[in-house]
Amino acid sequence: MEIEQLLAQSLQLLGLGMGAVFIILILLIGLISIVSKIVPDEVSSVAAAPAVKPAVNNDHIAALTSAIHQYRKRR
Amino acid sequence: MEIEQLLAQSLQLLGLGMGAVFIILILLIGLISIVSKIVPDEVSSVAAAPAVKPAVNNDHIAALTSAIHQYRKRR
Amino acid sequence: MEIEQLLAQSLQLLGLGMGAVFIILILLIGLISIVSKIVPDEVSSVAAAPAVKPAVNNDHIAALTSAIHQYRKRR
Amino acid sequence: MEQGLLQLWASTGLYNFTPGQAIMIAVGAGLIYLAVARRFEPLLLIPIGFGGILANIPIAGIAGPEGLLGILYNAGIESGVFPLLIFMGVGAMTDFGPLLARPSLMILGAAAQFGIFFTLFGAIAMNLLPGMEFTMADAAAIAIIGGADGPTAIYVASRLAPDLLGAIAVAAYSYMALVPIIQPPIMKLLTTEEERKTKMTQLRHVGRLEKILFPLLLLLVTILLLPSATPLVGMLCFGNLLKECGVVERLSNTAQNELINIVTIFLGLAVGSKLAADKFLSAETLGILLLGMVAFSIGTAAGVIMGKIMYRVTGKAVNPLIGAAGVSAVPMAARVANKIGLQANPQNFLLMHAMGPNVAGVIGSAVAAGVLLAIVG
Amino acid sequence: MEQGLLQLWASTGLYNFTPGQAIMIAVGAGLIYLAVARRFEPLLLIPIGFGGILANIPIAGIAGPEGLLGILYNAGIESGVFPLLIFMGVGAMTDFGPLLARPSLMILGAAAQFGIFFTLFGAIAMNLLPGMEFTMADAAAIAIIGGADGPTAIYVASRLAPDLLGAIAVAAYSYMALVPIIQPPIMKLLTTEEERKTKMTQLRHVGRLEKILFPLLLLLVTILLLPSATPLVGMLCFGNLLKECGVVERLSNTAQNELINIVTIFLGLAVGSKLAADKFLSAETLGILLLGMVAFSIGTAAGVIMGKIMYRVTGKAVNPLIGAAGVSAVPMAARVANKIGLQANPQNFLLMHAMGPNVAGVIGSAVAAGVLLAIVG
Amino acid sequence: MEQGLLQLWASTGLYNFTPGQAIMIAVGAGLIYLAVARRFEPLLLIPIGFGGILANIPIAGIAGPEGLLGILYNAGIESGVFPLLIFMGVGAMTDFGPLLARPSLMILGAAAQFGIFFTLFGAIAMNLLPGMEFTMADAAAIAIIGGADGPTAIYVASRLAPDLLGAIAVAAYSYMALVPIIQPPIMKLLTTEEERKTKMTQLRHVGRLEKILFPLLLLLVTILLLPSATPLVGMLCFGNLLKECGVVERLSNTAQNELINIVTIFLGLAVGSKLAADKFLSAETLGILLLGMVAFSIGTAAGVIMGKIMYRVTGKAVNPLIGAAGVSAVPMAARVANKIGLQANPQNFLLMHAMGPNVAGVIGSAVAAGVLLAIVG
């Protein structure tokens, strides 16, 4: 490749790269801000309890099962 | 393979498998009971001593040597 | 190979091997003695300090750069 | 510039996602949620769930042969190395003392393996349903979920049905976490209040030499009768010998700490690589989840029923509840037996009595795995 | 005997040395000297320097395909496994709390990546000089030095320009060690005394759930927009999740201690295998050293300038010095910002404020690496 | 059903055993017995013995190319990686201070290597016996047992005579454990009561910088004169540098704890894979056991005789007993010298004086290994 082409390509990479970095980090700033507003100040008691009793319902299997059903319907 | 064959084979596996599990664990129960009767209540002082002096005889080499001799004779 | 040759070769290895071992260890004795005379009794304060501040000059890059220059000149 | 932007856009996830991948990433996140918020076997389900997310990222190919998860899978699971090292670590962490103190209770650990073999039959029978196609190897790999032992399930599945490995591992660890939900109703249904109140006599002291000899005896019996189980049983025994022999403490510590931790991280990520959408999102997975539940329930019931037999035979010296611990799921199942026992009688501490059948269940399912590998493999 | 002596003499190093090998052994010893006496990133530069020595021993072939270093290189660096595991450990050691407390400062971590892309352009421009021949892939691998992040640089170089890996890794770690020398003059040049005196308000408390969600959010954004960065970002997030979720402490401890230590030893030795004389002693290495310095300087300047912009926009709520920490080089760059701040105002503690941009810089350069891998790779 | 039963019976160990396998399982159990009850190098002999049992299980194929032991052997011993990593750990655990305090005593560590080369000659001479057929490579691999250093013996054997590796490793570690039995009679036979009573002056203090420079000097000399020894010596020096440099404590700790423990487990099991009956139960093994004993005895004698020479030359400043420690077998041989010294004179503490020749013996046998690999390999 000619040097001019390489230089052009690298300039383009400069733009794309800095653009991608800024877009991703700015998006992340937004998401973090939203989360910090939604999330209660301290973590929910369920997760924080040191020795929580194991699951009390079957939402696990329900989740997997519904995911599969959903997927199969879409195909 | 036909489904009937598969079902028959799986029934057979059920019998063989549970048989093997019971035979091995029952054999083990017997062996453990025998060992617990043979073995002294607390471990022999040789093994228990915290800083036993290393071997005092050559039964190690003797063991290996005799094993080899024995094997070579049998061939 | 004939057994005589093998025996001769193994005798030769005996000489070479013991020679190499002695030469290397004696050389090492000499080097250690020299080092122990050159080196100050306790380690230099730079290396011994528990939380030394990082490098204060560029002799690192200088070293690499000069190594490369030197090499390229020799070729 | 435009071309570069297009190239970049064509390389985004947004551009390349398939619905299956999106769903599987949600499933991975769901596993992590259950592991963190509900304490579902977090040591395994966090790496598996995260691995599942990584495996379903478009373009990146992390689960492919040149991606990290693919490399880990090939090096450690296809080869069988990771589950065997985990089993060594389990051996180094297991105290067989309660089992040795009252070896007859091992029979409970044998009975509970009925869950495995009944499920094998059930999986084959499922072929009568449309959309299900389980070979004998598939059925065997699914059945081993009933062993309630993660590394055994992964080892057998990697040998017999690698395509189903993801679903089998997820089912095995999930149901192990669900033992406190699945077992109690079955245990209560099959036992009377009086049976559940049964107290058991204190366990005898077990000497050090007996503990050293046990792994060697166990290995010997397995060698003589079922060599196909010796990779699993052998590594369990090796780990236990390291622990009990008392002269290689540093190796024993490493086997039950750093080494098993490292392997657990790698194993979990590698199992996650099998949560790729095209393999996981199928009717077979539903069948596996259903059969796994059946396996656990039947295994529990078989253990309890054998417990009831022993209750009668021994003149009420055995509380039938500890039979449920025979499925393994160490130590969760033993704790459940203890808890149900306490509900019936607040002075009734069954934990140590249940640990014997519990660890016997690990041996039992390793033996069952050996049978399946010998005949189906 | 004579023949044997000749054979032995012909097998000595003295007989077989090339000047390049001798020089490279001196370079390896120099790196060890700097690591030990000057504390230049000793965790990496001691293994790299020692590996460099071993790689240049004549006859022994330690860096060859059947030598220890060659085996480690093929197993861990060519495959990408080692840098990814290091990144997992880094994730398990990193507290993203300061970043979460004031997310807007992430913008500083973005700006500092300008050093990478400017250097890419500079490397291509260097082709105008005689004796330099950098392909676009070479240029991208060199540019990533500006990310000031060792594992990222090694990962990208191993994918894009394995021949330059030795020089790139040495440059990356050396300049990371030289941050306290390189950055202060630039920081002082670009800021006024008043700006440097700026105090910042205390950071808010960040809850545990926010910390758990962050790695998942970060991964999600990366999946959607830049899948090619997900191997690096994914392992960083996985490690951080292990740390923050609080339910797998033993895995987290292993990831940030024994596992990362083992991998660091192997990675360093393997990188050293690329210090073979014929690859390292070339004009390209000089170019790499020069460009790396440029990359660090430009990155620092860009961070500080963005800091000055934020200083104005926020009405003096942000001290521009912390922009320099955006290059990453965790935690050295944050410490430098703190130190320069203290020089201007002895009550001005910037350390925790600089940690946000600092860890954002790690994310930023992983993202930049993803762009380079997506477009150039 | 019948067919299934037959298939299961045909897959039992009972059906498939060969007498050789049964004997080798007994040998493996014997090694474990000696390791546990008699403390024969348990860190190695328990994994080796257990690996030997696993390797001789019929059908299971655990030592085969797809079995765990076979995989570990190929990955770690055929490649040379495991012994080299052990050597790194040994380096990180070794204090060369006593050697540096009085370097002239290294000559004792040189003299004791006579055991290696005399045994080489002896092994070749054994070909005169019927049933023995040792090539020069076999003889060299056997001779290295006289180095009294496990990883060196395994490394050399894996390169020169992999088929004999099992017997050589077992002999090397067994005789290292037997040092307190083998050495004292030889030591007493060759010395007078007066010689044994000789007290030695206290060792000078050795500075940190000397300790840092030593591994680099040692490596330098080896590079210049004997590159074929640099893999072994290099890793020893690398480990020692990690320990002594003082700036990478976490790497040093990992190298001398978790990493060496993990590798020891794997190495032991992998060596065990070479205890397969068809290789081990041969006349050659008897020859190896005999020659190993000769090697230890001759090495001890040579060390003591050199000690007597130094006793004269230095005017009774050197106790000839410490010459026996020159065979290495660290730290057992030094302890034996100390014990025999105390028997002659209860105030005569030789331990630290014997540590110098002891660690010099490690270097000496690594050098001897280099010669053998350079000329025979």
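Letters A, B, C, D, E and F name the chains as they come in the text, with residue numbers starting at 1 for each one.
Keep this in mind: contacts are C-beta pairs under 8 Å (C-beta built on N, C-alpha and C of every residue); 3 or more make two chains touch, one makes a residue touch a chain.
Quick caveat: nothing in here was measured; it's all calculated off a predicted structure.
Participant: Give me the chains shared as neighbours by chain D and chain F.
Facilitator: For chain D paired with chain F, the chains in contact with each are B, E, in label order.
Participant: Where each step is a move between two chains that touch, what is the least number of such steps from chain C to chain F?
Facilitator: Each step joins two touching chains, and the minimum needed here is 1.
Participant: Greatest Cα-centroid separation from chain E: which chain?
Facilitator: Result for the farthest chain: B.
Participant: Between chain A and chain E, what is the separation of their C-alpha centroids in Å?
Facilitator: 25
Participant: Could you give the separation in Å between the centres of chain C and chain D, each centre being the mean of its C-alpha atoms?
Facilitator: A distance of 54 Å separates the two centres.
Participant: Would you please write down the residue numbers of chain D that are in contact with two or more other chains?
Facilitator: 4, 8, 36, 39, 212, 225-226, 246, 258, 371, 375, in rising order.
Participant: Using the touch rule from the top of the page, what residues of chain C touch 2 or more other chains?
Facilitator: Residues 9, 13, 16, 20, 44, 47 of chain C touch two or more partner chains.
Participant: By the document's touch definition, which label belongs to this structure's chain graph: line, ring, star, complete, or other?
Facilitator: Chain contacts: none of line, ring, star or complete; other.
Participant: Throw together a list of every chain pair that touches.
Facilitator: In this structure, the chains touch in these pairs: A-D, A-E, B-D, B-F, C-E, C-F, D-E, D-F, E-F.
Participant: Touching chain B in the complex: which residues of chain F?
Facilitator: So the residues of chain F touching chain B come out as 1, 4-5, 8, 19-20, 23-24, 26-27, 30, 34, 36-40, 170, 174, 177-178, 180-181, 277, 281-283, 285-286, 289, 293, 332.
Participant: Taking the touch rule as given, give the residues of chain F at its contact with chain D in the complex, in rising order.
Facilitator: 4, 7-8, 11-14, 16, 25, 29, 32, 35-36, 39, 42-43, 46-47, 50, 53-54, 57-60, 62, 66-68, 71, 257-258, 261-262, 264-265, 269
Participant: In the complex, go through chain A and note every residue touching chain D.
Facilitator: Checking each residue of chain A against chain D gives 12-13, 15-16, 20, 44, 46-47, 52-56, 58, 60-61, 63-65, 67-68, 70-72, 74.
Participant: Quick check on the complex: what are the chain D residues that touch chain F?
Facilitator: 79-81, 84, 88, 212, 216, 219, 223-228, 230-231, 234-235, 238, 241-242, 245-248, 250-251, 253-255, 258-259, 371, 374-375
Participant: Show me the residue ranges of chain D that touch chain B in the complex, using the header's touch definition.
Facilitator: 100, 103-104, 106-107, 109-110, 113-114, 116-118, 120-121, 123-125, 127-128, 136, 139-140, 205-210, 212-214, 217-218, 221-222, 225-226, 246, 360, 363-364, 367-368, 370-372, 375-376
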